[in-house]
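Naming follows writing order (A, B, C and D), and every chain is counted from residue 1.
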Amino acid sequence: MIDVAVNGYGTIGKRVADAVKEQDDMQVVGVAKTRPNFEARNAVEQGYPLYAAVEDRAERFEEAGVEIEGPVEEMLAEADVVVDATPSGVGAQNSQMYEDYDVKALYQGGEDADVAERSFNAAANYGDCVDCDSVRVVSCNTTGLLRVLHPLERNHGVGKVRATLVRRGGDPSQHGRGPINDILPNPVSIPSHHAPDVRTVMDVDITTTGFKVPATLMHVHSLNVETSASRSEVLETLEGESRVRFLDADDGVESTAEIKEMMLDEGRPRGDAWENMVWRDSVSVDDGELYLFQAIHQESDVVPENVDAVRAVTGYEDGDESVRRTDDALGI
Amino acid sequence: MIDVAVNGYGTIGKRVADAVKEQDDMQVVGVAKTRPNFEARNAVEQGYPLYAAVEDRAERFEEAGVEIEGPVEEMLAEADVVVDATPSGVGAQNSQMYEDYDVKALYQGGEDADVAERSFNAAANYGDCVDCDSVRVVSCNTTGLLRVLHPLERNHGVGKVRATLVRRGGDPSQHGRGPINDILPNPVSIPSHHAPDVRTVMDVDITTTGFKVPATLMHVHSLNVETSASRSEVLETLEGESRVRFLDADDGVESTAEIKEMMLDEGRPRGDAWENMVWRDSVSVDDGELYLFQAIHQESDVVPENVDAVRAVTGYEDGDESVRRTDDALGI
Amino acid sequence: MIDVAVNGYGTIGKRVADAVKEQDDMQVVGVAKTRPNFEARNAVEQGYPLYAAVEDRAERFEEAGVEIEGPVEEMLAEADVVVDATPSGVGAQNSQMYEDYDVKALYQGGEDADVAERSFNAAANYGDCVDCDSVRVVSCNTTGLLRVLHPLERNHGVGKVRATLVRRGGDPSQHGRGPINDILPNPVSIPSHHAPDVRTVMDVDITTTGFKVPATLMHVHSLNVETSASRSEVLETLEGESRVRFLDADDGVESTAEIKEMMLDEGRPRGDAWENMVWRDSVSVDDGELYLFQAIHQESDVVPENVDAVRAVTGYEDGDESVRRTDDALGI
Amino acid sequence: MIDVAVNGYGTIGKRVADAVKEQDDMQVVGVAKTRPNFEARNAVEQGYPLYAAVEDRAERFEEAGVEIEGPVEEMLAEADVVVDATPSGVGAQNSQMYEDYDVKALYQGGEDADVAERSFNAAANYGDCVDCDSVRVVSCNTTGLLRVLHPLERNHGVGKVRATLVRRGGDPSQHGRGPINDILPNPVSIPSHHAPDVRTVMDVDITTTGFKVPATLMHVHSLNVETSASRSEVLETLEGESRVRFLDADDGVESTAEIKEMMLDEGRPRGDAWENMVWRDSVSVDDGELYLFQAIHQESDVVPENVDAVRAVTGYEDGDESVRRTDDALGI
């Protein structure tokens, strides 16, 4: 069994912990959190040993009646791999600690690429990451782009890629984030940072532009790819990817909120949409250019990638098999 | 076993079906739907016999490859009780059909009170509804008000009640509904319809005012009640109600979105908040007046009430025991 | 003086009336409206003769104490040109009436292209529309695209054009429109209707994709154009267009709401942004492809175009001079 | 002429400057700002001498090509009165500087009451503030409450007051503020701070509760007042207040966005609604209790109050006449 610790038990961390728990070759040896809120209580109820991410806040847990096992360092001592799911930039601050405790480290896409030996995406470069001391699982949007682009490249080759990302302003419970009624080019400069982030994993000629809008549920991409593949070839290729799912006209799903409703109806934990959700009717090829729309669930699409990354850094060599195991365990 | 049919498999209907399924004294004999979308597919996957709510649309199910058992009338022939969860006003149109098939009927709060023999709330008037041929389960907001007011009246007596209801503009997946960036007195005239609706079940001097705002998750109430009870008496009384739940400061839950996050973390189906969610810190009594804030989940708070109403109309006499059974089965 | 009537005194109609009033070669002989609300009162206060757009609703104006001159037909009898600013589809129903009264007719972009002899954009095809009996002023988004594409084509030639349109869900006061918290590919099929609409006026190889988001203020475009022009050439060309305005970094304008704030500060009537608002920092040219972001004010960008179209259909031949007169009168 | 300086040229400051400019007994001798954005340019275009609010940022204005007169201290040396419209809490930091320059100071409602000699509302306590060295113009919501409560108290007496305030999350251009899709009791504890703030100006038994919602345009109040006045007496009293305006059913105004639309149509600068906007149909009296709904424009309702406060602190004794002059000059 691979012993996995999760540092940062928020949006990503709690989902990764639950996904690790479902696997038969790994287990959660602890989760660390900074504040004793409902998520901390939930961690305890899930049976996860709870640690204080910031030592001098440990007493706040006591005051709130939430029992903790000790400081985060004790958690690291128990772990083979730590998944750092702390806020952007904190991961980099933690990296020395992980090295000191000689634990393999997974970082999230909010960190700069140089925080880790390699950036990681299961479909694109699992093999390159086997036995690395640290990897960075690329961000939700980058993951979503790679899941489509890499299979297309592998099967048909791709030329220029142009993507417009319409991004949610904040996650559902982040009530301090806006905008309330606005649309922002974000960033104003072109390309956005997503294009170079894709290239940390895959060699492709890509330009991305981004907007921020007053929505909380999912990101949506308008994707344009130069390719020699026909529409049916594109569909066949993407239908072969377990982490790409098609929305059919008969589903009557016109929006990100309806995707979430469908996921909740299906009984997915937290209504999570782990896969890229591609509108089949949007897939069109004209004059050597593919267009499609896909929705990306920012809270969960990197979760199965983190599970695979745990296997990769601990030396499990077969990426395809890892994806299969992860997906089977989650019910993808 | 009580055989329950659900006519209208949307927001409320699908939740009631799932809740009925969890009970050991009733079962779902069928659900009826007008359109073959993802919810229809989900009904089939859940194992619910699916019927066409509108006969001449039956072929649309076939075209979509969704198998149906037959028209809604065949479903009624199998049922002891039908839960009508169709859109507002359609229930009234269906009532003759339910009579013709001699099936006990439950309506939702979108219907006028005279659609049924009685209006129903488990805490307030279960006993009055035993063996009725039809009852109307009052609306989400009215249910939320009754769950607090009736226990207070029973234990301490209440004088005037004044409530301001800040209502969501639409449910999460109703993307055609607004407002996008606006606040509406709704209705402009005072009192809103909620006050008379409360009085269909409970005799109380109440005035309600309502607003509509650009949010989809929950309603929130600011409640003011003249009462002789002290704060601790109020807390003790409401803590005795299984369908009233308190949010404590340590939970760190400041908003409706955080309530939903907590429910999803707890593994609630669809993240449903079946109970009134009362902020403990808001409960205050000053000069004979109680104030409190509560959040009401419009998609699910009437679900356990519907289950109890099924028992009531089929002659099960012990309301308290019904509530206990319902809650135990659901995990409230 | 050209006598102009405005049929439909809502979002577009009231703005066109006010813009016509500012010109020294035309005047408003009447505006027609269906309901006696605050806009009707305002029309009277502005000194516009008010007519009932629907004859049998005339008495509602009387009841509300709003004086009307008579039915819409009487207004047409006074006019050289009628600007139809009724809701989408109503214009087509009105076209026979306009013919019967032998009045030149301007339609808006919500109508199908075949409602009129030609589709119109001042920058692109003013000359083609001189003396036409009817023209359709293309929609806000199409107008916004043409204002950039036509000058680029004229000066440098353009190849393929790809545009993603992030569209507001409704206008500020349309509180019945959603979505509240959602992103919709709209339409799901690619291309959206904007590409063929551009081609009603200009011959160009363009593909457009569209989204609908919970915002009310402006649309925003991510535009990609194959061109041989350099960045400085693009800037020079677009700076020569009076209806394209650049947002500079020093302005500190990051969003559509800040554009509106700036317009209000400048004293623009209703805070209108008649011009395309282009973020200068977004303009980039790489490997023969131009990228830029622009915001389009759906309520007002077609207003100066309507004024020019009035001149065109009444035989004023110099399009450049018309644009200059319109802009001077408005203060663009 | 009273020489007025405005420190902080943002949402409130720029409106106060423009309102002062319209008066015939006062003039703007300068405005101070921290950043050289579009508002700074607009100040220059309006002819306001521009000063750097923070001295060591002066060079940023130069870099942006915006000419400044000097540091804020030089502006104070020119002024009889300074209107501090800086962000909450900064006013208190500035107070020593204002004393040092021996300039009368007006603060805004975001400051604590003890920042100034007295809190101010034109209708409620103008007389008490004559010749004060400093006053605090109470916040938008408090101003809105006082404009209704004080006349009612004066004419009919009022008993208990209960108000629920549904507050906008941020101003239109504050895109960093949320919530996007949420409702928050704000604060969770009852009463909110508005009740004690009302009592800084008027002696009344009031309890307030507040919510924050995803809207940017206006606040809305549900107001409940114990009073012996009849509905017609209430209407007569409030119709006598120039800063209370009624929305009639014939206006067809159902929401805050439609109020803003009406203000823009009327040609109000920035579409400002300086008055409380009360829905006439909501005004109801039952069993000794008045109910009404009113909308409060957070960006502008304190603007005329600031103008009156300038007169008060400089010794102009007749409050009623000041209100009349202010309103006439603005066109209220």
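Operating definition for what follows: contacts are C-beta pairs under 8 Å (C-beta built on N, C-alpha and C of every residue); 3 or more make two chains touch, one makes a residue touch a chain.
Here the structure is a predicted model, which means the values were calculated and not measured.
Asker: With contacts defined as at the top, give the pair, A-B or B-D, that has more of them.
Answerer: Output for the comparison: B-D.
Asker: Taking each chain's centre as the mean of its CA atoms, which one is most distant from chain A?
Answerer: Following the centroid criterion, the farthest chain would be D.
Asker: Report the inter-centroid distance (CA atoms only) between chain B and chain C in whole Å.
Answerer: Chain B and chain C have C-alpha centres separated by 46 Å.
Asker: Between chain A and chain B, what's the gap in Å when you average each chain's C-alpha atoms?
Answerer: Spacing between the chain centres: roughly 36 Å.
Asker: Would you mind pulling out the distance in Å between where the CA atoms of chain B average out and where those of chain D do?
Answerer: 42
Asker: Among the residues of chain A, which ones contact at least 2 other chains?
Answerer: 168, 172-173, 175, 179-182, 184, 214-217, 254-255, 257
Asker: What residues on chain C touch chain D, complex-wise?
Answerer: 14, 35-39, 41-42, 45, 64-66, 172-173, 175, 180-181, 216, 250-255, 257-258, 260-262, 264-267, 269-271
Asker: Can you check the complex and tell me which residues of chain C touch chain B?
Answerer: 168-170, 172-182, 184, 214-216
Asker: Using the touch definition from the top, list the residues of chain B that touch chain D in their complex.
Answerer: 162, 164, 166, 168, 179, 181-185, 188-191, 207, 209, 211, 213-220, 222, 224, 254-257, 279, 281-282, 284, 286, 289, 291-293, 295
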